[in-house]
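Down below is the structure, laid out as structure tokens.
Which chain is which? They are A, B and C, in the order written, and residues in each are numbered from 1.
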Amino acid sequence: MEARSLELRGGRSLLERSPLSGIGDKILRWVLTALAAGILALIAFFFIRLYVEAKPAFDRFGIFGFTFDNNWDVSRQIFGALPLVVGTLITSAVALLIGVPVAVGTALYVTEFAPRPIRAVLSFTIELLAAFPSVVLGLWGVYVLIPKLKPAEQWFSDTFSFLPFVGGPVAGPNYFIGGLLLAIMLIPIVTAISREVISTVPAEHKEAALALGATRWEMIKMAVLPYSRAGITGAAMLGLGRAIGETIAVTLVIGNAPQIGKQLFDQGYTLAAVIANEFGEAASDPVHRAALIAAGLVLFVLTLAVNAIARLLVNRGVHGRRATKEAAPA
Amino acid sequence: MTAMPVVSARRRRSDLVARGLLATAAIVALIPLVLVLFYLVKKGAGALSGTFFSSDPTGAFLGNQGGVKSAILGTIELVALATAIAVPLGVGVALYLTEYGRDKPFAKVVRYFVDVMTGVPSIVFGLFIYITLVLTGVSGTGFAGWKGSVALALLMLPVVTRASEVVLLLVPESLREAALALGAPRWRVVARVVLPTALPGIVTGTLLAVARAAGETAPLLFTSAIVNGTNFNLNERTNSLPIQIFNDITQPNNQLVERAWGAALTLVLMILLLTLVARLVSRRSRLT
Amino acid sequence: MTYERAKDAEQEAGTVPTPFPRSQQPRTESSATRTSAYGAARPSGTLARNVSVRGLNAWYGDNHAVKNLNFEIEPNKATALIGPSGSGKSTVIRCINRMHEEIPGARADGEVLLDEVNVYDPKIDVVAIRRLVGMVFQKPNPFPTMSIFDNVAAGLRLTGTKGVGLRERVEKSLRAAGLWEEVKDRLKEPGISLSGGQQQRLCIARTIAIEPEVILMDEPASALDPLSTLRIEELVDELKARYTIVIVTHNMQQAARVADSTAFLLDGELIEHAPTEKMFTNPDDERTERYVTGKFG
């Protein structure tokens, strides 16, 4: 620090400094603010560029035509993305149905039931799942899951063929395996956030339930789950956002067939997978390329919407509850 | 003589069943972890060898396929460049938010959009860069390593910013005030007091972002693309582990599939190492 | 004479495990033995139990918070526990309904007898004890996601009470807690929409709905304004006709107003236990005297 005799006694302000450091401050402030503004500009810019590049496809097929027509035919240059959208929805739904109960159950177990010494170890280990990159899970999916699950899938398909969307020959790569991999990928996220939400339940509500003579599970039903509902839903939606955008693992195991499959174990396609898969051949075909970019735009908008809602719910779940439960003044 | 109320068997049973189910959920969550690691080691360990690490992929149709040297080096290069871009920018934005922006409306918007960025699928980032840098042929080339790095940097940016902001907020206000009261200009306080205190937390956040970026395939598909030879010229196509693995998986060639497993094992080990180091660093932080 | 708890709807009579062979008679809700919700076929005509604390020790980790406590609490009376902060008064009552052990690292041993049943007997189900011993907490804590009605019904629903019977008992509890007139038209509103004092009375209604025999109150009025405090104290006075009440308070005037007998704790030990009047006018122990005259604490 410079050896200035700058003792601050009543009235003497920090503004009385050498001009040089004043400039230093101004530069820092300016640079950092510009940076922050730059980020915003960047996002806006990319959004615009994406739209511009995708426009040819929207012009040709209309925004709704593109998104909801059921015909993705590369050879005839017709691009209706419904099979992609449906495929994205199916795999995400499977992922949520499998992944969320497992994740929330794990979160409840770790926070409420696990013996203290194993709590930290357990939660750390579950987070390790997040360390597997998408391509590694895809590799494992292709060479381990698909062959090993096929007999079981066929059995399920035969035994439960009375259910809608079940029954018929089982394809190797299919919606279900895609959903399963997505479930594995969303478990660490949903568990971590659910754990955070559940641990913010105030002890006083749990004690009130216990004091009424509730068993531990009854206490959870009475005091923990209702309180955490919003936050856990938000966690699930964040998982959903992740599932929607996941590309590599899905494209490796879903079969990349531009059709709406008839049953759970059929091949399919998703918005993200189509981009990864067809980009090579689309490089020289402007219409095809525009269609893929349009798919990317639809994907972008979808994830934005889901994540925005998710964040709202999680914030309300973790912070908002404290505000609502304070009593009106007596 | 008085009697005791008791808990009905039905309720006791529900409690036990619930406990069982929840414990099962935890076990189910762990099963994929175990299985993936098991197969990685089982199928990948055999591929690891001297040649694996020291030779480039040959790209030949038949015969010797070579190792993954260029992929490993490529990943290191691409991620290093991405880190060099993302960290100054990310920490800079975080500094803006904690030192100047605070609760101002503009800062809230920035914070919100940084959060938005964490939810963007990585393939969309790849598309952004493809449109703006590759198609337009910036710096005279189509696909280039550095363009892949930019895509990765976009991915890392929100992670670094968020982690840094959290840590910077933990630096006690009293520390800043003490330094300011001694007459130090703000930029000095930031450089000499705030950043050093927050450093371990920032390093942790960075390492976690690096671990994430190292495993990403999608953003690189149409930015840095794939190539066989090692190169140190990031202005050309550059290989990387995830891309190499992705490429090898679908080839009908056993050697390649085995190489893919070996490469996958290597990649996972790298990422695990980074994650562990990140945790150790965060333990040594005085703030977290 | 066997005591029949004819109110609870625990119908699985044949399969219910009981710790005491005597009470193996099936519990039926025949109208012959059933009386009003608050009466029972008990000789003394009330629900209340005698509470005996024998050799109670409690720890938070290594901190020995309650040291070898022995005392008796009479039924149908209000007993106050007074003492400076940290003297262990809250810990003591939390041991009576075994809530103490819910805190990580906390443990207790000794005996707490409800009539002749030892709460700490390993054969006894903790959950069952808590139905006998109700608790009202310092900060009113109605369940935030439940309506006023659901809050009071919460404990009753655990044992399967439903329908008309449920509605009747909720109304009875709210009347007994002095809250019925104020909320009867808004039972569906959230419990937390009430004022602080009303919330505490709601918590009391919730507790008495399950018809415990002992009610523990941990500084029930300390978070409330003076008018609400007075109402709570009036309530305690009414409730002791039916229950055994143990109330922890740091407010000596409150103890003087409300309690029949008072126990003074210091540093985890019971210094003195006497009828309230004696405690405040002519205590035996010098330390008691110093505390009640305000010389410390």
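The working rule: a contact is a pair of C-beta atoms (placed from the backbone, for glycine too) under 8 Å apart; a residue touches a chain by one contact, two chains touch by 3 or more.
All of these numbers come straight from a predicted model, not from anything done at the bench.
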Practice task
Just grab the chain with the largest centre-to-centre distance to chain A, centres being mean Cα coordinates.
Solution key: C
Handout entry: By mean Cα position, the chain sitting nearest the middle
Key = A
Fill in the blank from the handout: Ranking chain pairs by contacts puts first A-B
Problem - Centre distance in Å when chain A and chain C are each reduced to the mean of their C-alpha atoms - result: 47
Exercise for the section: With chain centres taken as the means of their Cα atoms, state the distance from chain B to chain C in Å. Expected result: 54
Exercise for the section: Using mean C-alpha positions as chain centres, tell me how far chain A is from chain B in Å, no decimals. Expected result: 15
Handout entry: Overlap residues in chain B, where contacts from two or more other chains coincide
Key = 7, 11
Exercise for the section: Indicate the residues of chain C shared as contacts by at least two other chains. Expected result: 127-128, 131, 158
Problem - Where chain A touches two or more other chains, by residue - result: 213, 215, 218
Completion exercise
Contacts from chain C onto chain A in the complex sit at residues 97, 99, 102, 104, 127-131, 134-135, 137, 139-146, 154-155, 158, 192-199, 203, 206-207, 210, 224-225, 227-228
Handout entry: Footprint of chain C on chain B - complex, ascending
Key = 1-11
Completion exercise
chain B partner, complex, touching residues on chain C are 1-5, 8, 10, 12, 15-20, 22-23, 42, 49, 115-117, 124-125, 127-128, 131-132, 158-160
Handout entry: In the complex with chain B, residue positions of chain A that touch it
Key = 1-2, 4, 6, 8, 14, 17, 21-22, 24-25, 27-29, 31-33, 35-37, 39-40, 43, 45-46, 49-50, 53, 101-106, 108-110, 112-114, 122, 125-126, 128-129, 131-140, 142-144, 184, 187, 191, 213, 215-218, 220, 238, 241-242, 244-248, 252, 272, 275-276, 279, 293, 296, 299-300, 303-304, 306-308, 310-311
Completion exercise
chain A contacts chain C in the complex at 116, 202, 204-205, 207-215, 218, 222-223, 226-227, 229, 321, 324-330
